[in-house]
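Shared chain: chain A. Partners: chain B in the first complex, chain C in the second.
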Partner chain A sequence: MKGDKKYIFLFLTPAFLISGVFLYYPFFENVVQSFYKTDGFFNSTFIGFGNYIRLFQDEVAIGSTLNSLELMLYVAIFQVGIALVLAIMVDSIKHGAAFYRTTFFFPIVISGAAIGLLFTLIYNHRNGLLNEILVSLGFERILWLTEQSSLYMVAIPTVWNYVGFYFVILLTAIGKIPNDYYEAAKLEGITGFQRMTKLTLPLIVSDMKTCLVLAITGSLKIFELVYIITGGGPARSSEVLGTYMYQKAFEDSAIGYGATLAVLMVVIGLTLAFITNKLLKSDGITY
Partner chain B sequence: MKKKSFGALLLLMSLSILFLAACNGTDSGSEANGEESGEKGKEEVELRVVTTMAGTDPAGEVFEKKLEQFQEENENVSIVNDSQSADAGTIRTKVNTDFSSDNEPDLMFFFNTVDVQGIIDEGLVVNLEEAEGVDLSGYNSMLEQQRNEDGNLYAAPQTGFYEGLFVNKKLFEEHGIKVPTTWEEYETAIKEFAKTDIIPVAASTIDSYYVVEHYALAAGGNENYTAKLADQNPAWAEGIDNIAKHAEMGAFPEDAATIDLAMAQSIFLQEQAAMIYEGSWFWGQIEESGIAEDISVVPVPVYGDGGQTGDVVGGASSGWFISTKAYEDEKKQKAVVDLFNFLTSEETIIDIAAATGQIPAKGELTDIPDYIATGHDMVKNASSVASPINDRILPEAFTLIRESVPSVVAGEKTGAQVLEEAAALE
Partner chain C sequence: MTKSNKNQLTYLEKFQNRYFTKSKYGKLFIYICLTAWSMTTIFPLAWVLLNSFKESRDIITDTFKFPTNPTLQNYINAFETVNIGQSYMNSFIMSGSTVFLVLFFGGFAAFIMSRMNFRFRGVLQTLLVASLLIPAFATIVPVYRMMINMDLVNTYWALIIPQTAGNLPFAILVISSYMATIPKELEEAAFMDGCSRLKMYTKIFLPISLPSFATVGTFVFLWSYNDLFSSLVLVSHEKVAPIVVLLSNVSSQYGTDYGLMTAAIAMTVIPVIIVYLFAQKTFEKGATSGSVKG
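Entry: the complex of A and B
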């Protein structure tokens, strides 16, 4: 046992080192930077909580936070919800499950940048796919990306992009449920709907919780789809924390303020993950 | 047995790391030790050069050949070409990161604008007029445009650029519309094209760099255009308001608030739009799309007091910098100055300018197509040339102006409000 501990330590050391150097140290540096006003990388001035005060007075930052939270809601409901429905449906079919598994998982393989470009071309007003279809059917072109619609329009590819990921997790979870349970329930005369609500769903609650936490924290990382499809517009209507942070840090060279936005993202992510865990707390089921 | 396997694994890993380190260390080792080159008796020197001449930039290939030529003539010098084709934001971050982490390039071709001010203030690049051996002879007026506010010259230009209104003459002719030379004609062209299937001006209002600049220039000429942001010049505000007015007239694509610059360019290149505000670097894409013969460039018509039609946005906003670290390194000084002089020689400047059609900072291009010559003539005959607004003001302030244009178009803000918010950032 003592020897095992040595190996455990040795094998974990590289992971700790890599996490420390590439994750924790940069995060610490980021927190430090958030207390500085930086014009470019030079001329840093310590301003204490100046960036944080600015953050709470910045209408765009507040709007971006609200947009991120709204997007988070769509992602949590639809990504996990659709994934759950698909997983239950695919689990219940006898033939062609492999085909559906591959099809639903496929969008995960495509990079966010490629999906962003794809949807840019789909939504494009003049030459886009949707409007070309409308024109060919004799209808007028529609402006798909407006101040009112832009957030929904970026939510669609975002949901589609990751549904497959949660689908695979939930399908695997359903697959792990011992068949004896279903057979015993069948003898008791259970209906298909009861099978789902009384057996399948309660037995995969912990997996659904994992999916929700991943979806909620993951939605704060949404960047490339929004950046490519709308650039945060029109008039900041689809600006999210990721795109605003990028703009401040890398386009405007306001590294300190960008770092402050990054801290805000981490705080929101941790808080929501904690709340989700608390709300969905349940005893683990082992079988 | 188990322990032996583990030991063997550790040994193998250690050897691999040592092997990789040994492979990687060859160049830097010779540089650090300043080894003597047996044949030539000169010290081996390695220079790192950073530019944006790479990737699809036609200048990249010529630049690479020039570096090879220099290395053939100076066998003791090896050059690491760290150029990357990148947008302004990416190269800015790279250069700033390099300089702030003590890993600066020995020679770089970079924006000599507000972007480099921090590097200059830190004394990380040399004053070329005081640097021994640096040859600044033969330059045209572009050299003086590089002079810093402190009176020193830190950068030497290679080519100049201009921005203007690129027009598709064929579309104007087909629709019987006059290529605009006055503001009234410009507005007439917008109205007439708006009635057709052709978009009058291909533009992105969220990525509205050139549109903002030219509308400000049109409203007040260069006298007002060169004002400071703190002045909150009414001509700038009027220019921004005019964008909204013209958007209302149907001047821009319906989705101008969400498409990016590349998409706007694409609309123009597909001949779905009659005009676009762009820079001289755009000719490369125009030529690639095969419509160059139909395209011309004209100055934006100026209607406001403070200038005249013929005022042009342009200049030479990039230049060659020598890092102080390389210059003060006895082993590198001569090599880096020689390379600087080689790259800024008339021959090199002309060769690189010929690849892109830009205006050379030394000498003149000959045998250029008529459409390129039109742009050169526009600058030659310009009543004045001023550098773009975004080269002069805080990047954060310009982003705010640019990103606020869709709000102005939507009627949520006015040009004056936008300028006030931007000025507050400085």
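Entry: the complex of A and C
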């Protein structure tokens, strides 16, 4: 059409300009920053791989990476696992499915900050929800956030927060399986349990793969819950890459090193997403 | 047999054919499990809401009881001591502007991306998909520096601009995939009538694609309203801080004032629950099609 070029340019430029300047450029600039030592915000010296060498000698960075990976494992197993069990269950009931969908899903819309504060109250030693339950049952109060337990204590709300998301994805996937498959299986005389392992699960493998990739890449972005519930403590026992990166870049003003930690997060995320994709390679099923 | 009848029949059959349905106890077990999980999602919030109407000392002594003398004192404290009203306003101004800008610029770009062919279309499309993999951590350091250079830190723009930039690719992808389903004939007819591209967008494509705008708008609102990380870095000053930043300060400054904490949680959560209940259908649908974790 005549004058189309003008419109293409006019309509596309604002959006791509904004994203270009405040998303793509900072992304590459962040990589560049990771090669600089920065004290105060504007005095930078090029130090090559200095920050990356520091990374491998920094016990806190290694500890945070291991904590992040451990959290990732819990998130992948329990978020997707619980979601799968719940989805299969909701699919097999007649009444109340809408109610369960709504209540299971809604923690997702609540901010990590609010959930963090909520769980601070739940774990609170003096009058937290958990200790009040214990006391009313005649038990002693427990200190919930210790060096041994803190990582589990942040894993629980993280898992709880997102189960509903994977639940909805998997429930939708199960709902799409045509009924003929089940009828055929019935004629073959397959038992209920076999029906699940041989029919339902294989048919939603690709959706479970999507969930796993999302859970894994999402777990690297964990920040709010840890920041508010434990602040990474006690004694760094629940420090994750997100909170450590925030601390280095914005509390200790080690901007260059913070950028390096951010690069590490991206690299881990891409690698794991790639590996998960390869390992769980399967052809998508269309009905 | 009408179509709806047929569907009903297969619906019933579906339940008879799938698992667990034969045993009564199996069914009971399922309902118990499902109800138990929904308790975990409802109970903590109900507990917070209930306690927010109690005096702080009653929260300690009777944490499970219904408030005997319900009081709004905690909410009044929230407005007076931590100025929650201001953070509410900050949150809505920043999230509202972000949603508006994302939909305004994203809509135009989505129209071009879905309906027209040009030289760099493929490159741009790849760029959009790739940008979904960029976490806020990987851009925040340079963005923070840019905001300092432009003297924008602790102004509304410091959060609005990067959040708009971060959400635009998602918006363009979702809206353009919706626009791609609009039949070509409509476009040709409009062209025959002498419609300009601008008119074609505002009179035809924008109104038809409103559902996708609603989905994107809901997502972007919730993401931006809930984004603590960027807010802490860019707008942490109390005059401009959004409600999530206030919330993270409340626990460190007023950690012993349980009444204030419960009221603050309740006030943060209520608007998003309202948004969720209104937009539930579109939101869940969007979550299953184009999904990104906040």
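By definition in this document, the second predicted complex is superposed on the first by the 262 of 287 C-alpha atoms of A that agree within 3 Å, B and C clash if a C-alpha of one lies under 4 Å from a C-alpha of the other, contacts with A are read in each partner's own complex, and residues count from 1 in each chain.
Keep this in mind: a residue touches a chain if its C-beta (ideal position, glycine included) is under 8 Å from a C-beta of that chain, and two chains touch if they have at least 3 such contacts.
Quantities reported herein were computed from a predicted structural model and do not represent experimental measurements.
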Exercise for the section: Answer with clash or fit: chain B and chain C placed together on chain A by superposition. Expected result: clash
Practice task
Check the residue A:120 against both partner chains and state whether it touches chain B (first), chain C (second), both, or neither.
Solution key: both
Practice task
Classify the contacts of A:143 with the two partner chains as first (chain B alone), second (chain C alone), both, or neither.
Solution key: first
Exercise for the section: Quick one: classify A:204 as touching chain B (first), chain C (second), both or neither. Expected result: neither
Exercise for the section: For A:75, decide between first (touching chain B), second (touching chain C), both and neither. Expected result: neither
Practice task
In the overlay, answer first, second, both or neither for which of chain B and chain C A:87 touches.
Solution key: neither
Exercise for the section: Could you tell me if A:107 is touching chain B, chain C, both of them or neither one (first, second, both, neither)? Expected result: second
Handout entry: Which superposed partner A:18 touches (first chain B, second chain C, both, neither)
Key = second
Exercise for the section: Look at A:7 in the shared chain and tell me whether it touches chain B only, chain C only, both, or neither; answer first, second, both or neither. Expected result: both
Problem - Superposition-derived comparison: chain B or chain C, residues of chain A touched - result: C
Practice task
Have a look at where A:234 lands relative to chain B and chain C in the superposition and call it first, second, both or neither.
Solution key: first
Problem - Contacts on chain A seen with chain B and repeated with chain C across the two complexes - result: 7, 41, 120, 126, 250
Completion exercise
Listed in rising order, chain A residues that touch chain C in their complex are 1, 3-5, 7-8, 10-12, 14-16, 18-19, 21-27, 29-30, 33, 41, 82, 85-86, 88-94, 96, 99-114, 116-118, 120-122, 126-127, 129, 132, 136, 160, 162-165, 168-169, 172, 179, 182-183, 185-186, 192-193, 195-196, 210, 214, 217-218, 220-221, 223-224, 227-228, 241-242, 245-246, 249-250, 255, 258-259, 261-263, 265-266, 269-270, 273
Completion exercise
So, in the complex, the side of chain A touching chain B is made of residues 7, 39-43, 120, 123-126, 141, 143-145, 147, 150, 229-236, 247-248, 250-254
Problem - Residues of chain B defined as touching chain A within the complex - result: 6, 89-90, 92-93, 96-97, 99-100, 115, 117-119, 121-122, 199, 206-207, 253-255, 257-260, 263, 267, 272, 394-396, 399, 403, 406-407, 410, 412
Exercise for the section: Could you pull out which chain C residues touch chain A in their complex? Expected result: 10, 13-15, 17-22, 27, 30-31, 33-34, 37-38, 40-42, 44-45, 47-48, 59-60, 63-64, 101, 105-106, 108-109, 111-113, 116, 118, 124, 127, 131, 133-146, 148, 161-162, 164-166, 168-169, 172, 191, 197-198, 201, 222, 225-226, 228-229, 232-233, 244-245, 247-248, 250-251, 255, 258, 261-262, 264-265, 268-269, 272-273, 275-276, 280, 283-284, 287-288, 291, 293-294
